[in-house]
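The two complexes that follow have chain A in common; it is paired with chain B in the first and with chain C in the second.
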Partner chain A sequence: MSSAQIEIQLIASLVAIACAIPGTFLVLRKMAMISDAISHSILPGIVIGFFITQDLNSPLLILLAAITGIITVVLVEYIQKTGLVKEDTAIGLVFPILFSIGVILIAKNANDVHLDVDAVLLGELAFTPFDRLLIAGVDVGPKSLWVIGCILLITIGLLFAFFKELKISTFDAGLAASLGFSPAVIHYGLMTVSSVTTVGAFDAVGAILVVALMIAPAATAYLLTTNLKRMLVYAICFGVFSAISGYWLAHWLDASIAGSITTMLGILFLMVYLFAPNKGVIAVLYREKQQRTEVSLLTFLLHLRNHNEEEERHVNHLNEHINWQKVRSKTVLELALKNNMIVIDNHIVSLTEKGTDFTSQAIDYIITNEDSKIEHMKDDFFLFRG
Partner chain B sequence: MDITEYIKLVFTDYTLRTITLGTAILGAVTGMLGSFAVLRKQSLLGDAISHAALPGIAIAFLITGAKDSNILLLGALVSGLIGTFWIRGIISKTHLKSDTALGLILSLFFGFGMLLLTFIQKQPNANQAGLDKYLFGQAATLVESDVWLMSIVTGACLLVLLLFWKEFKILLFDADYTKTLGFNTKFIDILITTFIVLAIVLGLQTVGVVLMSAMLLAPAAAARQWTNSLGIMVFLAATFGAFSGVFGTAISASQNNLSTGPVIVIVAGVFVLISFIFSPSRGLLFKQIRFIKNRRDLQLHKTLSFMYHIAETHENISHPHAIKILNNFQGFTKGTLQKLVRKNYVKLEGSMWSLTTEGFKTASNLYNQQTENNE
Partner chain C sequence: MKNNIAIKVDDLTVAYNYKPVLWDIDLEIPEGVLMAIVGPNGAGKSTLIKSILGILNPIAGSVSIYGKSYEKQRALVAYVPQKGSVDWDFPTTALDVVMMGTYGSLGWIKRPGQKEKKLALEALEKVGMLPFKNRQISQLSGGQQQRIFLARALVQDASIYFMDEPFQGVDATTEIAIINILKELRKANKTVIVVHHDLQTVPEYFDWVTFLNVKKIATGPVKDIFNDDNLTKTYGINYKVSIQE
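Up next, the complex of A and B:
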């Protein structure tokens, strides 16, 4: 590995961490699309800042772009408040228009501006090591590394300082307000951090990857845990993992680094989406099937309880009576047998003592119609689940 | 160039005519379908789909190796649909919310598309140049066959809209009721979503991935302000969309260095702004005017009721009082007093006022709600 390669991976990882922290809160606050809007609408801010400073890494540029980000948020909220359109429409209207203004500004001054839209949207990590920061003639590393490093330090500092406030206002805005934390301050604080991070990162990785790095690690982590601290840690790990593995994928395919980091994030999310232990699609489908069988079992036991006549309890008759397919009746019968709820004697099914007990509790549950889950009853009675 | 010259050019110049027609048709069809997206609260779906279409374009190119725009659009359609249904899957199967799902699919698909595009660029295939026009769109590359394709899709879309109008409408406003009536909601839903995806994919070539969502939303959001009827809204949105296309093309053609896509979006944005401010029933301007008028009415009522409480203490309700005693009460000015006189509620004589019988009656019923709105 050459030093440029190490630097690229370092920058990518720092960007991933800096994005994952505000991203986690954006996902939890259901404001993920705001990050997309900000990442597009900072374009006019960047362009104007660039006209003034002629330098893509100047602090003024970051400031101007961050202000544009805040303006976006304020505009969206204002339009939403007028009640003329819904929030999502407001977002969808504001950012393309601001983005268009940015594109036109660039186009009108294309001759004397070294800045093109592709670079803003996509960034180019591979070139970042060439733009060195010189302090008193000494090369201290790539500029982007310093920019994103500073932003990351500030973000981490703010996270530790206001973790409690952020947590409480994210999960219970009303409680936070009544405890005296202003939700507005925290809201705009988070928006500012997101804007600044987006601006700081866009130069290196482009606007779209910023969105991916903010949302994808947080969403992936959210599928695995419901603990905020753990979610933050997971999101950071996923971000850094994709950054480094994405770099090597790009190296191997000779393609855009930003694109391959996003692709790695996508693969990671797809894996977790399918295989997460509790919330993954496969787990959810399995649980749905289990619950369907268990509801069938309950229906079946209730039926048994209601009929004392022998012909009603004959195995073949049940098939017709409850109108189940053969496979389904067989699964249900087996499950009931395994759980010692029924005994089959000469093709006549009858409830055991445990079965009767379970059924009467189930009836109680159904009659009272309490807003609690039936899960604890299943835990008490079931040796095997459906 | 001036306007008459431009209009002459539209009819004589092949390129300009094609582009103007193309953007107009595109604006009409996206406006039409955008109305449904806006009303179904799926505004950002357009943004997500247009980004999600990118890998489809790249893969279609990788497979065929040719830059036939129809095949590329087919790829975009397939990948857009996959994106849409994955978004639905995420929302229904996990606890992630719709905004997260949209943002995820948008950025992940787009990133993957970029990976493929840069990968293609490194391939030794001369054909690949110009694939990235799908990122920002280039209306200038529209040719007659593209316009034909757009017209056919618009026609098909119009036909389906008319055929399933009742179903779309009822699904839009009361999905549960639709289900109980026995309609196949899943089918209607997929149908409308497919058409929205189709419209977005058609627009990619002209305005590009990033700005497509505005094409979908802006005409519909503008049209929504002028009417409460779905039919009129769809028609208005189509008109707004078509005009943004035409004006946008005209402006960008008359200036150097202006790409068409962003200009169309800004023109559509101007339509939205005008609608937000000047729409008679919902617009901000008239809302403010109504607000001020209501406040004045309220002040007037306050003055009247203050007078009523004074007059109440006298046997003769028309007993004159000095205007001065109204001084400790803010709601009164010369103007409001004159207004009350004009309504024949109050009589003024010199520096004295007295309530008329009519004024007394109105004032006593002021807070009873039973009186007609007396303006």
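Up next, the complex of A and C:
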């Protein structure tokens, strides 16, 4: 690997981490679309900042762009508060207008500025190693690396300091307010961090990938864990994994790095969406199938308990009585046998003691919803979980 | 008559979009009562407690807790919001939610430690939820979620408890368990204020009641003012309630 390659992967990874942290909270606050709005509407801030400083990595430019980001959030909330339109509509109204102001500003000055709309939308990671930071004439690395590195350090510092505040105001803003943790302060703090991160990442990965890096890793992590800290760690890992694997995908395909990273994020989400152990599609389908079988089993056992007459319990006549297909009857019969809940004596099915017990307890649970007695059964049966 | 005034509300008016939902409320709540706030939907019951807690800003009037502003007396007050006000799919456990009750005494930045965890476990024990401490909160039933919320308030060890419809969507067992805990709090001379919907249970559960419908209709001991007259004034229809002695 050349040093440029290492630098690109390092920048992409730092951007991914810096995005995943605010992204996790945006996803939990159901504010994913706000990151889309911010990433587009900071454009005029970037353009104006660029006109003033002539430097895409200047702190002034980052500040101006972050302010535009906050203005976006305030405008969206203001329009929404009028009650005339819903939040998504308000977002859709605000950011295209701000973005187009930026586009017009670029177009008007396109000749003497090296800033174009393509680069803004998609970014160009491949060029980041060329723009070096010189301190006293010494090359200390790409400017983007320093910019995103600083932003990441601040983000991590804030996360450690205010983790508890972020958690409580995200989960229960009312309680946070009553305990003296102003949800507004935390909200705008998070919005500021999101805006600053977006600007810092913008130059490297562009407006579209920033959104992907904020939302996709967090959404993927959300499917895998029920612990906020772990969700943050997973989101960061997914972000970094996509950044590095995306880089090599681009290398192999000779395609856009930003595009390849986003593709990896998409593939990763799809994989987890399908195969996640609890919330994944396949796990859910399996659970549903299992529950269906368990309900059948219970229905069958209940039928046996309620009927003493032999014709109701004859193996060959069970289909008619419970009105099931042959296959289903067979599955249920085998399941009950395997669990020692029934015995078949001369084609007549009877409940065992275990079967009787189980049936009573299960029915009791379904009727009264009293958990205590059923706790031990939850491990064996999906029916009684969740 | 009890003498210490726990909460005093003066001329409180609260509006949403310039439409008043609470009009000129004057209220004195004595220390050590278990009080129900009753009134029809939209009467401003939740708004009243949210305004007392500084979650909403009134357009006029003031609130004092033991003679001082809420900001100064935060530590004395615990709040149980409506169960439906939070996202129960949030990635956290029962124990962690209860720990949130300790955040107020910690203040900004400082993190909960072993002491806070111990308090939270004790509170879980009190509401009978200790076996579920590591359960993800969406895996709890409605009644269990309400108990978790109650535990979170208990952990604050406050003098005044506000509860917004704690009996909504819970079964009879949980309702009795909750009311027993509230009665214990009253015994310890705590003041408990509950937004309540079921008029039938008011005389059985509470000793103090406030009738509210945008304006305050009446407030006082249940045995003196919980009558058909006030119910009719509050609910607008001819209300008859049978009070079991």
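Things worth noting here:
Here is the rule we use: the second predicted complex is superposed on the first by the 366 of 386 C-alpha atoms of A that agree within 3 Å, B and C clash if a C-alpha of one lies under 4 Å from a C-alpha of the other, contacts with A are read in each partner's own complex, and residues count from 1 in each chain.
Please note the rule applied: contacts are C-beta pairs under 8 Å (C-beta built on N, C-alpha and C of every residue); 3 or more make two chains touch, one makes a residue touch a chain.
Only a predicted model underlies this, so the values are computations on that prediction, with no experimental measurement involved.
Touch criterion not met for A:341: it reaches neither chain B nor chain C. Judged by the touch definition given at the top, the superposed model places A:161 against chain C, while chain B stays out of reach. With both structures placed on the common chain, the touch criterion links A:40 to chain B but leaves chain C unconnected. By the touch criterion defined above, A:231 lies against chain C but remains apart from chain B after alignment on the C-alpha atoms of chain A.
Touch criterion met: A:97 reaches chain B, while chain C stays clear of it.
If you count the residues of chain A touched by chain B and by chain C, you find the higher number for B. Of the two partner chains placed around the shared chain by superposition, chain B and chain C are both touched by A:222. When the two complexes are overlaid on their common chain A, residue A:171 makes contact with chain C while staying clear of chain B. When the two complexes are overlaid on their common chain A, residue A:180 makes contact with chain C while staying clear of chain B. Where the contact sets of chain A with chain B and with chain C meet, they give residues 30, 222. Contact residues of chain B toward chain A in the complex are 38, 41-44, 46-47, 51, 89-90, 93-97, 99-100, 102-104, 106-119, 122, 132, 135-136, 210-211, 213-214, 216-218, 221, 224-225, 257-259, 261-263, 265-266, 269, 272, 276, 282, 284.
Contact residues on chain A toward chain C in their complex (touch as defined above): 28, 30, 83, 161-165, 167-168, 170-172, 174-175, 177-181, 222, 225-228, 230-231, 369-371, 375, 385-386. Remark: chain A residues 27, 30-33, 35-36, 40, 79, 82, 84-86, 88-89, 91-93, 96-97, 99-101, 103-104, 107-108, 110, 117-118, 121-122, 208-209, 211-212, 214-216, 218-219, 222-223, 250, 253-256, 258-263, 265-266, 269, 273, 279-281, 284-285 touch chain B in the complex.
Against chain A, the residues of chain C that register as touching in their complex are 17, 50, 53-55, 71, 74, 77, 79, 81, 85-87, 90-93, 97, 100, 103-104, 106-109, 111-112, 131, 136, 138-139, 141, 152, 171, 173.
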